[in-house]
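Got some structures for you, see below.
Heads up, the next two complexes both have subunit A, just with different partners, subunit B and then subunit C.
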Partner chain A sequence: MSLLAQYALTGVVTGCFLILATIGFSLTRQVEGFLNIAHAEMLGVSAFITWGLNAVAGWPFIPAAAAAVVATALIGLGIGRLVYDPMRRLGPAVLLITSVGVAYVIAGVMHAIIGTGIRSLDVPLATTYKAFGLRITDYQMAVVALAALTGISLALFMNRTRTGLAIRAMSANPELAASRGIDVRQTSRATWLLSSGLAGLAGVMLALIATLSTDIAFNQILQILAVAILAGLGSLYSVIVAGLIVGIAMDVSVYFIPAGYRPLIAFLVVILALLVRPEGLSGKARS
Partner chain B sequence: MKTNTATRMGSVLLCSTLLAGAVAVAPLAAQAEEVTIGILVPLTGELGEFGKIVAGGVELGVAEVNAAGGTKCGTIRAVVADTGGNPEVAIREATKMIKSEGAVAVVGPTSGEMVALVDLAKRTKTVLMSPYAGTITLNETGGDYVYRTVSSDLGDGAASGLWLSEKGYKRVAFLVQNEESTISPAQVAKAKLEASGIELTDYIVYNPGQPSYQAELVSVLANAPDAIYLAGGQESGVTVIKEATAGGFEGEWLFTADLAVPEVFDAVGAQYLNDRAYVELASSDRSLPEFKAFETLFKEKNGGAPGPFAANSFDMANLVALSLEKADACTGEGINAVIRDIADGGEPVGTFAAGKEAIAAGKDVNYEGASGPLAFDKSGTPAGSYSIQEAKDGKWVDLKFYPASAFE
Partner chain C sequence: MQIFLTIVMFGSLFSVLTLSLNLQYARGGMINFGVVAYFAAGAYAYAIVTQQPPKGLDQYLFGLGAPWWAGFIAAGLAAMAFAFLTGRPTLRLRGEYLALTTFAFAEMLHSLLVNERRIGNGTVGLANVERPDPAGIGLSEGYAYAGAAFLLMLVTALAFRRLLASPYGRAIDAIRDDETAAEAIGKDIPRLRFQVFVISAIPIGFAGALYAMITTLVSPDLFTAEVTFFVWIALVLGGERTLHGAVAGTMALVGFQELIRAIPFESIRAAEIAAAAEDVLTGLLFILILRWQPFEVLAKRKQTA
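Up next is the complex of A and B:
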């Protein structure tokens, strides 16, 4: 029983990482209206900036992580303005394909700068804490805490600030939002900054728990897509629920079936959920 | 470690530059008497470190062949392409090498790439050779145009099984990356353990590319085995080692060859590996004079010790060159017709220069490789020897050598 509980606890951590990785992706999808495949590579950008500042330049982890999040947000904004803004009028399908191209470019640049092999942060090995027969490391707790903090902060931002309300209005009905005087361009820029910054946060966690190679960030895209599809197009809270469902389902499945099938579970959950509720957890059908 | 990597990269670059220079300054008259081989390796991606070693080893062999006057087909021109470890890219680059560059042999692909290239090699009658592709798929499809200078993965599994049995562990867990090249040897090692009466606490096959492997480790750590056999790549392997260590695993490790690189100590922390981690890899018999001569040459030209599979890579260049020397035609078909004779039976020779002289004197030769005897079996695979290295003071050091005869 405690073994099953351990799998569930590990699943919560996996889910929290998926929430961090997906929430910015979903935000872009809601406001900009397309699946930004390059979002996963932005996790890599942040992870390698953290690594460069921490392991190469010798910065402590927290300042390195903060700088990486800010830099990733600005890089995301720059890509949004330079690449996606001029393409927007061509529609979501073209934007999606463009984002695949952007992912390739980011990957190529990272390959050229970082090179081959594996990289790790200059941080101590995780410390494990045990209680009630369960174990969790300090880094796992950091992932959970950051996901919770991000969820709360984002809720406050979306509900209490002018920019947050503008983003919500844009995601609900861009034409109506524009006709009611919301600055579409400004809101779009705020969205790029926010979603890329959220990718930056996930990238920092990736750098903290994983061994980095230039491929690892993009490897997360399928699970990000699974969580985003399960969440649907409505509120960002559904991303939190979807992330936890996918994370817990994947990790608990290892108790019952071989671990090699773990990634398939994410899609099994999505297929089952969509059969029962095609509009996703949020319950909002796409216009 | 970064210095080692930088030195090795520097050596490869220097070697490439020298080679490029040698080709560039070759007299125009000799251009017609040039024969091309393709070096098709992953210079980027997870196996990039190995690809660089392989490219360096082949280029060193080519430089020696050309220094000895080249083959009767002319001097060897080496063209290099990066596959990134991707079989699709490998097919594209190999096609370009064969069709546009006129390569008579393509050397250096990894297991997955070799499997993808078998059809192309046979169709275009081009010799395909790898220094590290142990995949058991080649046990079936190799042998005609498709060769390797390393033994099959099944041998790695046998060596790992032998080591785990001899070490006296009572309970062992297996963590195996979900790839054919890691599952095949793991199954052989598992069979050996079961035959030896050792308890297998877990046999977990995991998918690489995950940020964390905590779910895969839950049961392994709960069972507290004496040792974990980890057959994985560097990215997944390092995360597994760190998470298991942080999770309280106090036993020993046996890794497969992908983790036989110095970077692992930097990434994990040497203190967590020293005196409790071992690695199994296909290895040259370092007591052989051919290996010692290669090691001396490598140090003289590149300044450091040869890395994993460097000797096997050097041997590929010599096998192709000696085959060209003996062949009736300067083509892949010509090489394929004689390569088995060059590798087995006749007067033993350890260098291209000695082989060239013997062939000129009308003798049959037996090229004794720097990596060991290269007599090919039906699938174009030599019998292998293996070594176990131990983590000592932040380095991998030789601990035990298993000659091919240990598995007979």
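Up next is the complex of A and C:
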């Protein structure tokens, strides 16, 4: 029983990471209107900038991570303006396929610079804490704390600031938002910065809790997609619920069936959910 | 000469996939991001049907030891069955939702093949897949299989062309152009879409069988999402909506990759960089073509002239 509880706890950590990884993806989907497959590659970019500054250049972890998040946000904005902006008139399907091309380019550049093999950050080993027979490491706690902090600050940002409200208006109804005097281009840029920055944050977490190799990013996109579909590509709050559901389902499943099936469980949850609610958890009817 | 043969062989083989995808996407308006699953279903069905019963360290359960043609037919049926299974619940989803669910199904099949050793030895895969010996008809292996792939492509292209030129094909086009109008004149849209989805999976299954014959190996590593992306890039490269465009795009992409692979490398690092450069170039080409759509523009100019 305590083993099951342990898996559930690990599932919460996985879920928190997935929330961080998916919020940016979902935001892009809402405001820019397409599924950005290259979003997962941004996690990899951030993870490896952190690694480069920390393990190669010898920076302490926190400034390296902060620099990586900022750099990733800027790279994301650059790609958004250079590649996606001029193509917006071609529709979401073409943009979705284009983002596969972008993912190829980013992955190729990372392979060329870093090469294959496993890397690790220059940080102290994780310390394990025990309570009620359950174990959790300090890095895992950091992931949960960061996810909670991000969730709260994002909610405040979206509800209290001008830019946040503009982003929400844009995602609800772009034409109406534009006609009410919201600067569409500026809002779009803010979204790119925000979503890529969130990908950067998730990437730093990934570097901290997972083994680093250049194909790390691709494995994430599958889970991000799973969470995003389950959440219904709509509301940010449903991303939180969906992230926790997928994370816990994946990790608890290990108790019953071989661990290799973890990714399969993620999609099984999604497909079951889609059969019941074709528009996802948030249930918003969107075309 | 060898490289030319390779290009024709794999170019034709993957053209079958591109042609089928073309039917699903450009005609049926369905974004299938799980093409590789139907390909893998075909390859595994062929291997399992023709494989000798398991012995020694083998962990797979079934090896029927049937002749190659039985395996080939089974491959088409397996892909069709998988399309039936996956199409039923998902085709009512639209656009990107469909893309995501088909992608999810492909990943689930992949995960199943990796983890369920009783299907095909898990990650090890099934090696030494049986295949007909072309010496019987007096051809070397390379030529025979390149010829077979080319033939399969030709048959697929002709069959699709016949299909699309028929009243049935016009009904499909009508749905793509204006769903409401098509429905108004009494076309059963979900049913037609489902049929197109299942029909176009059959050649993909055949191609899977042929792929298993050529490589004599089936393992989950051969059937990753990269195959799906490859076919999509080829389709976009060739310009949508035309059969010869789909073939030309695939040939060009296979040729491009084979040429890069043919460059000899001094060190592992150099090979690594070349592989990375191949990805970057493929991706860039893809973005540029989608951005400016040169083939679409050409096609339109031809129409007006």
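Everything that follows uses one rule, which is that the second predicted complex is superposed on the first by the 285 of 287 C-alpha atoms of A that agree within 3 Å, B and C clash if a C-alpha of one lies under 4 Å from a C-alpha of the other, contacts with A are read in each partner's own complex, and residues count from 1 in each chain.
Just so it is clear, a residue touches a chain if its C-beta (ideal position, glycine included) is under 8 Å from a C-beta of that chain, and two chains touch if they have at least 3 such contacts.
As the structure is a computational prediction, the values presented were derived from the model and not from experiment.
In the superposition on chain A, A:Thr116 makes contact with both subunit B and subunit C.
When both complexes are overlaid on chain A, the residue A:Pro258 reaches subunit B and subunit C alike. When the two structures are aligned on the shared chain, A:Leu74 is found in touch with neither subunit B nor subunit C.
Legend: residue contacts after superposition of the two complexes on their common chain; A:Leu275 is shown touching subunit C, with no touch to subunit B. Shared-chain residue A:Ala210: touches subunit B; no touch with subunit C. Judged by the touch definition given at the top, the superposed model places A:Ala142 against neither subunit B nor subunit C. Once chain A of one complex is fitted onto chain A of the other, the partner contacts of A:Thr10 are limited to subunit B, with no touch recorded for subunit C.
Within the superposed three-chain model, A:Tyr104 lies in touch with subunit C and out of touch with subunit B [touch as defined at top].
Shared contact residues of subunit A, touching subunit B in one structure and subunit C in the other: 111, 115-116, 258, 260, 263. Here subunit A touches subunit C in the complex through residues 34-35, 83, 86-87, 90, 92-94, 96-98, 100-112, 115-116, 218, 222, 225-226, 228-229, 233, 258, 260-261, 263-264, 267-268, 270-271, 274-275, 278, 287, going by the rule given at the top. Interface residues of subunit A facing subunit B in the complex, by the touch rule stated above, are 3, 6-7, 10-11, 13-14, 17, 111, 115-120, 125-128, 135, 137, 140, 205-206, 209-216, 219-220, 250-251, 254-255, 258-260, 262-263. Subunit C contributes residues 31, 89-90, 92-97, 99-101, 103-105, 107-108, 111-112, 114-115, 225, 229, 232-233, 236, 269, 272-273, 275-287, 290-291, 293 to its touches with subunit A in the complex.
On the side of subunit B, the complex with subunit A involves touching residues 5, 43-49, 51-52, 178, 204-207, 209-212, 214-216, 218-219, 222, 234-236, 238-239, 242-243, 245-248, 263, 266-269, 272.
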